[in-house]
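Mind having a look at this structure? Questions to follow.
The chains carry the letters A, B, C and D, assigned in the order they are written, with residues numbered from 1 in each.
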Amino acid sequence: MATTPAAPSLSAAALQLAQHYRTVRAATSSLCATLSAEDQMVQSCPEASPVKWHQAHTSWFFETFVLSPFAPAYRPFHPDFHWLFNSYYKSLGEEIPEKKLRASFSRPSLDQILAYRAHVDAAIASLLANPDLPAADLDSVLRRITLGLNHEQQHLELALTDIKHAFFTNPLQPAFRAQSPDAFDGQAPAQQWIDLEGGLVDIGYPLNSADPLDFCFDNETPRHQVYLQPYAIANRLTTCGEYLAFLNDNGYSRPELWLSEGWDTVEHEAWQAPLYWQRSHDDPHGWRVFTLGGWRNLAELLDTPVCHVSLFEADAFARWRGCRLPTEAEWEHATVHQANELQRQSHPELSEPSSFFPAQQDTPNLLESNTLHPTPATTESLSQLLGPCWQWTATPYIGYPGYKPLPGALGEYNGKFMSSQVILRGASCVTPQTHARATYRNFFSPATRWQFSGIRLARAF
Amino acid sequence: MATTPAAPSLSAAALQLAQHYRTVRAATSSLCATLSAEDQMVQSCPEASPVKWHQAHTSWFFETFVLSPFAPAYRPFHPDFHWLFNSYYKSLGEEIPEKKLRASFSRPSLDQILAYRAHVDAAIASLLANPDLPAADLDSVLRRITLGLNHEQQHLELALTDIKHAFFTNPLQPAFRAQSPDAFDGQAPAQQWIDLEGGLVDIGYPLNSADPLDFCFDNETPRHQVYLQPYAIANRLTTCGEYLAFLNDNGYSRPELWLSEGWDTVEHEAWQAPLYWQRSHDDPHGWRVFTLGGWRNLAELLDTPVCHVSLFEADAFARWRGCRLPTEAEWEHATVHQANELQRQSHPELSEPSSFFPAQQDTPNLLESNTLHPTPATTESLSQLLGPCWQWTATPYIGYPGYKPLPGALGEYNGKFMSSQVILRGASCVTPQTHARATYRNFFSPATRWQFSGIRLARAF
Amino acid sequence: MATTPAAPSLSAAALQLAQHYRTVRAATSSLCATLSAEDQMVQSCPEASPVKWHQAHTSWFFETFVLSPFAPAYRPFHPDFHWLFNSYYKSLGEEIPEKKLRASFSRPSLDQILAYRAHVDAAIASLLANPDLPAADLDSVLRRITLGLNHEQQHLELALTDIKHAFFTNPLQPAFRAQSPDAFDGQAPAQQWIDLEGGLVDIGYPLNSADPLDFCFDNETPRHQVYLQPYAIANRLTTCGEYLAFLNDNGYSRPELWLSEGWDTVEHEAWQAPLYWQRSHDDPHGWRVFTLGGWRNLAELLDTPVCHVSLFEADAFARWRGCRLPTEAEWEHATVHQANELQRQSHPELSEPSSFFPAQQDTPNLLESNTLHPTPATTESLSQLLGPCWQWTATPYIGYPGYKPLPGALGEYNGKFMSSQVILRGASCVTPQTHARATYRNFFSPATRWQFSGIRLARAF
Amino acid sequence: MATTPAAPSLSAAALQLAQHYRTVRAATSSLCATLSAEDQMVQSCPEASPVKWHQAHTSWFFETFVLSPFAPAYRPFHPDFHWLFNSYYKSLGEEIPEKKLRASFSRPSLDQILAYRAHVDAAIASLLANPDLPAADLDSVLRRITLGLNHEQQHLELALTDIKHAFFTNPLQPAFRAQSPDAFDGQAPAQQWIDLEGGLVDIGYPLNSADPLDFCFDNETPRHQVYLQPYAIANRLTTCGEYLAFLNDNGYSRPELWLSEGWDTVEHEAWQAPLYWQRSHDDPHGWRVFTLGGWRNLAELLDTPVCHVSLFEADAFARWRGCRLPTEAEWEHATVHQANELQRQSHPELSEPSSFFPAQQDTPNLLESNTLHPTPATTESLSQLLGPCWQWTATPYIGYPGYKPLPGALGEYNGKFMSSQVILRGASCVTPQTHARATYRNFFSPATRWQFSGIRLARAF
């Protein structure tokens, strides 16, 4: 935790991490287990990867960055997997299979990949239990496994995002799993504005570098000061009902509402609504929405946050409402401020709270809530921050002042993507709870829609 | 058969066809059975389809064109399969899934498709055994099943062609099945010229329309006269060794040898050799070749026919040799002439032989030979006509004089593709024997290489 | 001329050719002179070239193939023009500027190019008047200049085709020149069928190789026999009025009428009518048509031949009418037959007439008629053969049996384009009269529409 | 001027602006006058426009936004020019010609466009001299003309940028004008670091909204506070010599130096050096460089600033040097700081200087210097800020906090481009001096190279 003053002893940390490793890996395995080998081969859009590739690539990460350098007796599962499941680490000096080829990965089979996972899991367990590992190595191992588990959680989220798209693309459009009819009942409170003073505020994760289990991605550091003008931020996410009003006011036909690049995309892609919305005569509003639980009429979802919109749509909607999107600093400041407020109410004895994690937030609608689709807000106060939708900000993705990537191949994780992408903050209904935090910087190109990406409004105070 | 003087009684024909139906369908099933559900999902180039799609589409053909119109009690296996497995019959008035989407067909599963096959097979068996079917209906049923079986055989051939490409594209490049090391031993005889007088000759299949089991595709009719100048045709197919000499004489770097469109393709696609040839230090000639039995050094294949060349390569090779490709009429005339020659030797009592089928040819290297790759010629006389490679001709694909497509949706089978394609004649080592005949008109666009397509030379007499 | 029994003496031929040279070159210059330097730079579609490029390239042809090899004292006008105005002769071994770059040819200026033309013209005149030129050289010079003049005439036709497209593309859509309001008056006779017996007929130009001024392109030879089934051919070209009926019968919305490749093009290009037709409220039929004389209402053009259609449209129209397009052999046989018929009527004393040129045809509507757009047919007999529209045939473009390209770079003229193109026969209203003949083989890819290409129907007798 | 306490009387301002109008328009006209009508038609890359289009579009701006609304008697020059020379103002509700079509603008001719310019100039002169114009209208007129002149200056700069590319693309590669051989002599001082403290600083232009002649673009406002960490900035621009060292260290072959999107571009575009660098055997370093004065050997330019690099190249170079690019706030703060420093030295009596314009900078190498290519730095202190190259920053282009676009169609000028573009600061050697200021925010997509864009390094203090 960020506020932990001292690191636990290394061996205790190893024990703790071994447990966390099993939990995270099992979450991936169990969610994927409901899919057939055929389902796990599909790659239905350039952003996506086959689910079985996600299962292999996350194992490859542990093999490459943990087992190969630190477990001398480790025997790779298969000589070709080293380059086959590399995704983009060009400094590893190998030819990386083109992403478009992943859909032809009939071999290795899912069975082989599951055996690969088990092979890596056993080796990691041995490594963490090895009493002879030098302390310096163990420290590195703990840090890299922690990174690897965060990597795994990212891919678990992606796998769910990708299979949703795969099933939507499939001509039979199956549901990922059944869902109860009342899953999205509830009435969202009115949208209100939360006013914040701004000023010189601290942004970024206060990493305790002495603790090998404390973690954030390199792009969340260094923590630094920024100056914020006073601003107001919406108490909750924009709902489907509110977004429908934009549609019905010809929002997709008015170029003056859109960024130039966005309007070109609207015209080129013939966008008329968010991804997964389809016209339907059965719905009183004329639309149905594809979810991981299958098709739902829009009427059932009016109070749920709109999602699967691009930055262009979020920005156009905000302009139509006479508002704007928050910057990432505004978003983070508001989120930490709110978390501390809640903490102060529940723990008035703490003089200087500083919370970055969802446990202290409003009831989180994350992966563990098992709705697999955003549900309505439940409180009038500032909520829906860490989930259930990633929230487009107005901030393009670049490094923080003084940003330094990790050394070596691991440095390719984040830094090299710092152009032409836009920051999303928060988390989504398919993000694991231990993967969500207030300082997390997600990023995609502004036309991206296959993520669970939604809208929070802001404006000048 | 073309030479059968009278049609058998309809019920005897039904019995005979029921047997043939089982044989053809079983050939498909047994060849596909060696592939996993994952293998059967791959679509690795635009020309290809997933193997499980082939299995479904061929069943769809029987359901749509035989069972739905003629078996009143027939219950479709699945309501969506009717449009899902339609490939291009636009006059059926349904939305056809885009070919590029077939790779996302994780659903229906292979299991469902195998059940679909069984469901259709049972219904066809019942229909053929139904004593109450009116004679006119039975006649139509026999003709359409015969067409459907030819369609199935085409798709079986395509499935093998496609899986070869899929495995070549797979990063692990597995073999479809093991192959003995001496599979391609043998020395091809020297290339010699067979001189033919030409003149006014008959071309096309002499269909006995009274016999519902006599069959050719509509594009092989009407049989008609063409006038041929005297010409000479090579006694066998061009070998890999001969083609290697073209490569080594910088054949792929000399624009004057190529059609303009061919040269553009060479440059755009960076062609340097036939498809499936790859540079290799292990081979004395510097190349290895991917086969359904895995990689072979070129040294092992020098006497085998070169295959997987485009029309452009075949044409450039011929120009380099100071020759040309035969026209389809020259090819057919030579083939029938040779077949009759052989028949005259074995059956001198027949006064006017006219043979169109491979049994009367040299030992055929077709699917049943089970080599799955072309083997060397074995005789000095005119050979390798019906297999083991499709043979590019100089003739663009258009209809014969007086050509009439079948009525209705079945008329979309051939006629609408009569532009910008080139005729190939013969058969390949993955063509079923009962599917090969001298009048068969295969056709592909001139840049196509994924077929087992080879080269036979011709020149002026 | 084809029927000339003996070649004139070489020096007489040189005199004659010098005169013809001046006539042909002057035709190009005077037509281009109405265009500004800016107009002559435009390249509005990939098929087209800027008019000033046409003027330069045709001069380059004489410089490269006549002056450089045969006029030892010749000094090239500009050192860069040798490669700059080469279009596709790859065997000349130079880098050829990409066609798409021609639109950036602000330099050399039009003034320089006109000076280049004058420089070449003077040198050719000197060469032809040089009494010291060896006879063998003079013979070659005469043949190559003859080829060069045919080349120039092709480019003059292309220049008019291209400038029509350029002005259509220009936002102001100017007319190339004014046109009288009654230019297209006249009523076409009813369409009738001319029945022909076919049989073994001779096709191709009977070149008198002893006469250096006798000329045809290499692809019109060798003259050879083909066997034709009996057939019927339409007496005149299809009119705009007849084509309008196809439009109004939803011709562009019915896939069953189209070749598969054609239907794809219709959908991809959103074709709804021939090129240059545009919807208009001012016309009773709803269309106006862009001509070199500016916009005309379709109502004024109903009896004129439809033009600027692709092979796909011609083929679909024919299918809709229950007919087909003629083969090129059928077209040529009918044309020569008709020419001979006319000649027999006017010159009954000739026992074996064989005419290939338009003078013996019906009144030609070629470039010299100066309509620059097709006019209605004027007779019930077989007419509109050599003009006013190129006529799509059913025949893909390949070489005749025994075809041999010219040796060297000149051999790149025709032969290397013999794939994926379709033969058009006849001539158009922008073809010079001395460039039209019955054996001429024009060819374009089947989607081409910027040519003055029209439709003549055929069917079985 | 920014520091002007009170606006001059409106009529005096009108007189002053009329003079400025003539100066700016004459600059455009005289630079373009050296180009032929053909030269002014070329459009050689998607970013560029034909020079004659620039001349027309800038006139259209005055016609549309000044004359039509405020000069009641104004008669448009041509009815079609209103839509023809609109570039992107979609809210004007007209169909805008596709940019790719501009190259086919042979009509209207250059002569017509020059007449159009004269027509507009006369009308503007009349309007500014009209004593009856209401004060409120005159105020608007002054503001809009001021905007229009800045717009004109942008297009003059673009015209020079575009014609450079056009001449580079032309096969003859002519020079725009002759240049003296010693134009780029001079030795750049060593690169040194200028350390700055940062802190809370003010950024943006302090517009005096009461003065109709005071001007900045809307995106330079509102002036606001940002917090800067201490930083160091290079005293001068990166030279060609320094950039050559990056090339020679295989900078274009090492993916680890590049942003991911940048590396993809390097590979896709086969970049090996800045735009306009070409390999040459005549230069000791192996390169020559195309300038508006024609080709120069790199050896002559080693001390001049490198230009025509993309953001990707600037960023990779900085990473290779262990540095980074400055943010736009760092750049502006350093520039204003330096300007004030210089002003304090020359005018010590001013207590609070705040200068944003080049007159107070080091000797500017802007358009008026007439070098048309960057020259070497001449001083060791912080220099080369406003010219001679645009300087890529690390800052993506978005609006300042509280940014409001202009109302109506004029609001489309800047705001709608705020995605996927990166800020460049400074000015270039083809920027008019009255168009350069410290707060100017130029922006292009990160792969852009046809601008005079160079590199200034920064790093942590």
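Methods note: contacts are C-beta pairs under 8 Å (C-beta built on N, C-alpha and C of every residue); 3 or more make two chains touch, one makes a residue touch a chain.
Protein identities per chain, from UniProt: A, B, C, D = Ergothioneine biosynthesis protein EgtB.
Bear in mind that the values here come from a model prediction, so they are computed numbers and not experimental data.
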| item | value |
| --- | --- |
| Contact distance in steps, from chain A to chain D | 1 |
| Distance from chain C to chain B - Cα centre to Cα centre, in angstrom | 39 |
| Intercentroid distance (Cα basis), chain D paired with chain B, Å | 63 |
| Chain centre separation (chain C, chain D; CA means) in Å | 50 |
| Sites on chain D at which at least two other chains make contact | none |
| Chain-to-chain touches, reported pairwise for every pair that qualifies | A-B, A-D, B-C, C-D |
| Complex contacts: residues of chain B adjacent to chain A | 36-44, 80, 84, 97, 101, 103-110, 166, 169-172, 174 |
| Parts of chain C lying in touch with chain B, wherever the complex brings them together | 88, 90-91, 200, 224-227, 229, 255-256, 258-263, 311-312, 315, 394-396, 398, 401-402, 412, 416-420, 422, 445-446, 460 |
